[in-house]
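Just below is one structure, and these are the notes that go with it.
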Amino acid sequence: MSHTIHEKQKLLARVRRLRGQVEAIERALEGEAGCEKVMHLIAAARGAMAGLMAEVVEDHVRSHLVDEARHPGALDKEAAEQLLDLVRAYLK
Amino acid sequence: MSHTIHEKQKLLARVRRLRGQVEAIERALEGEAGCEKVMHLIAAARGAMAGLMAEVVEDHVRSHLVDEARHPGALDKEAAEQLLDLVRAYLK
Amino acid sequence: MSHTIHEKQKLLARVRRLRGQVEAIERALEGEAGCEKVMHLIAAARGAMAGLMAEVVEDHVRSHLVDEARHPGALDKEAAEQLLDLVRAYLK
Amino acid sequence: MSHTIHEKQKLLARVRRLRGQVEAIERALEGEAGCEKVMHLIAAARGAMAGLMAEVVEDHVRSHLVDEARHPGALDKEAAEQLLDLVRAYLK
């Protein structure tokens, strides 16, 4: 994985936010929060995790399916975007 | 989309089976079948639809992300398979 | 399943619309439509199927978890709605 | 939410395991692990989160839809299990 620092930082920011959301679930359970509260927190964390996965997949499709240095312009950008639209729709 | 006939036939067979499953849901509702029966039929049809989508995505990744005629060997087969493993896991 | 006619008719209308969407996928494949078109049609049909399932589950939760004739008022309406919110969020 | 201690402990054990899995994603990103490794870790964490949600929903259905003290026996156990089967299938 040859992420630029920018992408790595973005993914790290996402995963840290996700960790914070998981810790909030933990605190809610420890504090005997109501079931509805806990379900909402889990649903939110699941959304964050889906967003993280979508970003990793996006990076994978854009950077790893074709070695751009050896095969410049070989990845069909439109076809890649169609795929990513679908991935995002399903990961929601 | 330049499917070989073989692939098109496979997809058509899948979509016809799916149509049969949707018609079975319709008949179950008309026949006042129990809720459990109807839920099972819908869950099965959803599985069939996920399988159909997975196959179309597979075809898209393998055939359309890179124009093999113009950029032979440009698609990283291993990276493509990793992506498809993930797609299949999520489409289930 | 003791649906009122109204509910049965609503579910039947949904399943018939879904059948029409599956037939559109079939026609698109037969007509050698592009991959993107086919993926969009499948995604739409999947959404319709999720909506159908959500409605059947809603009916199940509201009508079958508690026999209202024998246990009037026993179903906690607020807890049932919390559950259905979640089901709808996950079925999307 | 009136969980018995046993249930609360089970949920806490699950959420702590999930936190460990999210931390593993963080470490993998910091350590510049390969894309495939990161995708696998996220997929595993997503599975753990789905399992956590399924357990909370199960608790909600079994304990909160009907106030067992006021309406003993009102929850139709078979209908509740059918619902939970479905929830588990969709949360996977």
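A, B, C and D label the chains in the order they appear, each numbered from 1.
Everything below uses one rule, namely that a residue touches a chain if its C-beta (ideal position, glycine included) is under 8 Å from a C-beta of that chain, and two chains touch if they have at least 3 such contacts.
Note that this is a predicted model, so its numbers are computed, not measured.
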More contacts between chains, B-D or A-B: A-B
Taking each chain's C-alpha mean as its centre, the one farthest from chain A: C
Between chain D and chain B, distance of the C-alpha-averaged centres to the nearest whole Å: 28
Whole-Å gap separating chain A and chain B, where each centre is the average of the chain's CA atoms: 24
Junction residues of chain A, two or more chains touched: 35, 39, 43, 57, 60, 64, 79, 82, 86
Graph class of chain-chain contacts, one of line, ring, star, complete, other: complete
In the complex, chain D residues that touch chain B: 35-36, 39, 43, 79, 82, 86, 89, 92
Residues on chain C engaged by chain B in the complex (per definition of touch): 1, 3, 8, 11-12, 15-16, 18-19, 22-23, 25-26, 29-30, 32-35, 38-39, 42-43, 45-46, 49-50, 52-53, 56-57, 59-60, 64
Residue ranges of chain B in contact with chain A within the complex: 57, 60-61, 64-67, 70-71, 73-76, 79-80, 82-83, 86-87, 90-91
